[in-house]
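Just below sit the structures, each encoded as structure tokens.
Consider the two complexes below, in which chain A is the common component and chain B and chain C are the respective partners.
Moving on to the complex of A and B:
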């Protein structure tokens, strides 16, 4: 319906939009270009072509350790936030009790609370409890910040479920559990998968909570990368960054396939 | 926010099953209980720690680092009285405000084009706007560090100098401007998405009607489109402002010493100075700021003080 815009107004709209697209992509493309630059310092314009920085990164023990930790942490966080979040979403959509709106607000409140403060508050309490294992602390912190995402996506997909199908199954003698497993779950599967994928990505990229709870022994990828930014000036930093960008792109495409990007992020 | 003790108590008093029709009422009792594990988890690891942090911001830390009584508001007074800290507060407010305003102005055209174009254009714009959202903030900050690099080898300076727009390289990196640019990049999607969703709900007939009645495009925009998209604008502005105010990574990478924000000050007080009560007080101020902005926005949205498109 491009005929809606015409004349000078259209020109301004399209110019700003195109400009913003360049603004969004430029730093990411530059990082990717710098990662194959055959120079010992990151410079512009990048020169030559080499994959040696990737070879260097893939032999960097700190980075590989961090990658392993981040992936395991993100997997644990995904499982944890699904276990807590899916039943909670169920209660929010199907429940009919006084204070439901307030409880929903409470469950989603970590979304508006500054994550930096969530992490700091958690550090204080975990220190008090004497919880020393950074892996456990990180897992707890990440579940706190990711579970609202799971609740939100699952609530959205549960609202679309046709309850008559469940009634039919129950009338035909299926138990509640069987009804959930065979009738409800298939209908919300894409929402649950999107919520889980979200939890994984938010956990993998999280900095503001992670910075408080990690230690020198257990540092996830974003922290290691932040340290490298300050200390290393060769193109291995862009190479690490490119690996992270490519992983994110895979996540985005999966999300788009599962539920459609707009729906996954809106609401 | 309710206290979740309330919440748990509330769960016991289910509404009578008569309220539901059909066979569904049998689910009514246990279904609310499914939220209990999540409530308990968040109460213990989110709500309670937050209250404790609030509490420790009014306690005193002695020379041994032990935190206890007497109660005091000295830490809050320090944030306002000491010029160095007050400046951080103002920097945070200024950067958040400028970023949100810029995001609004620039997101409007993008959201409009996104909503009203052919599907292929809509899809491409959506993908480009959203994709970076999932890329780590550290990586995006680093990208901007490369773009804005001071000296002739930075991308922006290289382009500007090659095109002879400037003769001397600009020094943007490690200034507030760099932090605003980085924050705009990181939080731009948070403005575009709510705006696009609000614009998408506007009945195209309304705009057509205005046009048919002879209004020029700018008048249609100012009198019909803009007022009806206010809910999206309020939601987006709130998100961008709150997220920018609470950021740490972008000011750390792009701001250096000249654009320290509240988040960086908190980190410094806890990890470098070990002053927990003062760190907690700054955190409480940050939370207060964010909650205030969210409160105003909720008041605007839920009180139906804005005309809605739907």
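Moving on to the complex of A and C:
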């Protein structure tokens, strides 16, 4: 768009936008501020300035263990949901089969159905199947929860790709797989990247499903955070949160650098 | 590049019980350009895509040089195809686009580069190799697509409304250019179009399709001058259509009575027919001012009033109304000295034409 907003309309628009930004960012800034408070309880405005809570958190073996688990889980989830979500999205957009609409609705369902219910259902199924390993259960659960995000972003970007591109590639001698790899994937790369980022972030801070599937041995960050919050609500909790917020920011910036986030989300 | 014979044998395609293509058999001679022509939804694109291998026929077969290719997947059929949307890969440069087909065939880089360069010069885009498709005009993009399709030395060229997105002027010059190139290469070509002018300009043979079936197959002249059905007569060019009954026979011909004031003389009339539909092309009718000719002929002539007169540069269109209420369209070529329209609205005129212009349509 070349035309810029101007006049009274622009004033209203910028005011609303600024208001929304404050509404979204204020709690995060509040948490960040609370994490440097030199007190033994969370308080706002913070009193004094100290980084000792960070020192404490970064020496906390439970927290570091949870971070390691959460990062590995989120990476595994990202890979898994991409492997599942991209072909699924392809089938939903390019396919033409009986019950397509129903399957579309079903695959996107965890976005509608409460995650808490999904988690409980998964727990019951996985127990019935005799799946004991909490790590495997968490991975399966997280892939179930995050795949719809991947499917959704990939479906939207795939819908923008001219199907004739694929036909052209095939007439030129490329098999379906090669066509996907050489022609389709470059067109939807931003959507795939955005879906992957969503999958990572959703997995990383998922509580409702994780709660059902984790055990005392394997507890991802959200559970550890919650446990800490219930036990001692000292500034180490906002410190942990701040670390997670910074991680998310790094992820977003990385994506912006790699594919251009605005392009990725516009897709 | 070799010229292939393409043969369709009772080709059909059904989608959920609706028939898109219905029992189409057709042979395309080597080096010919044929145009599948028809309104949208007539099955012409489905037909083309079945020849390409992009759609599996429900029944029937496609043969290339007498080899059955129905079960060969599209990527091993070696067809060059052009699309209305050009379908250039936006993430690749012009050179990379053209090299795509060579690349997936595993042709060595050096040899591929040579072929790409010659393809670029063939489509007159030698200086555009490093650009991206988005930086080119529509006409240039379709040239790139053409180069990309030709560089793989395809067994045939398939064109799906290739010039449909271009402006009229550019489209017409591209038609001539594409046709010249196709002739020079002797490449068997099948084109889909809904534009009758494009079909007439480019094709050796026109295949008029309607509701998934072949309506008429013939050279542009045959299709235009001797349409076998009312549908073809109306779809290709404009036509004056009259229905009448056989009043009198003489030799092979007959006198057809259309209305009390209009009777038509035809030179050839099927012996058994009692009714007939006659098509007269608007450009074969001559208009005279009423009273200009002392005694207007009794047949192939009718008195009328000018209902509408349209000046269109080299030609004028007159819409005449007879006293019986029939409309007659006349196209008259304008002379360079002429000052605008020769007849004005409301003027009484006489329209007449020769009996060879009366074309009997077999199927109504």
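To be clear about the criterion, the second predicted complex is superposed on the first by the 222 of 267 C-alpha atoms of A that agree within 3 Å, B and C clash if a C-alpha of one lies under 4 Å from a C-alpha of the other, contacts with A are read in each partner's own complex, and residues count from 1 in each chain.
The criterion applied here is as follows: a contact is a pair of C-beta atoms (placed from the backbone, for glycine too) under 8 Å apart; a residue touches a chain by one contact, two chains touch by 3 or more.
Every value quoted in this text rests on a predicted model; they were computed, and no experiment measured them.
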Chain B versus chain C as contact partner of A:49, first or second or both or neither: neither
Touching partner for A:115 - first (chain B), second (chain C), both, neither: first
More chain A residues in contact - chain B or chain C: B
Which of chain B and chain C A:187 touches, first, second, both or neither: second
Which of chain B and chain C A:107 touches, first, second, both or neither: first
Touched partner set for A:23, first chain B, second chain C, both or neither: first
Chain B versus chain C as contact partner of A:171, first or second or both or neither: both
Chain B versus chain C as contact partner of A:144, first or second or both or neither: first
Partner chain in contact with A:237 - chain B first, chain C second, else both or neither: first
Touching both chain C and chain B, counted on chain A across the two superposed complexes: 167, 170-171, 176
Footprint of chain C on chain A - complex, ascending: 162, 164-165, 167-176, 178-179, 182-183, 186-187
Chain A residues touching chain B - in the complex, by the definition given at the top: 1-2, 4-7, 9, 12-14, 16-17, 20-21, 23-28, 30-31, 34, 42-45, 83-85, 87-88, 90-92, 94-99, 102-103, 105-107, 109-110, 112-118, 120-125, 140-141, 143-144, 147, 151, 163, 167, 170-171, 176, 201, 204-205, 207-208, 211-212, 221-222, 225-226, 229, 237-238, 241, 244-245, 248-249, 251-252, 255-256, 261-262, 265-266
Residue ranges of chain C touching chain A (in the complex, touch as defined): 52-54, 73-81, 83, 85, 87-91, 100-101, 104-105, 145, 148-149, 152, 158
Complex contacts: residues of chain B adjacent to chain A: 1-2, 4, 6-7, 10-11, 13-15, 19-20, 22-24, 27-28, 31-35, 37-39, 41-42, 45-50, 52-53, 56, 106, 109-110, 112-113, 116-118, 125-140, 142-147, 149, 153-155, 158, 185, 188-189, 193-194, 196-197, 207, 217-218, 221, 242, 245-246, 248-249, 252-253, 263, 266-267, 270, 276, 279-280, 283, 286-287, 290-291, 294
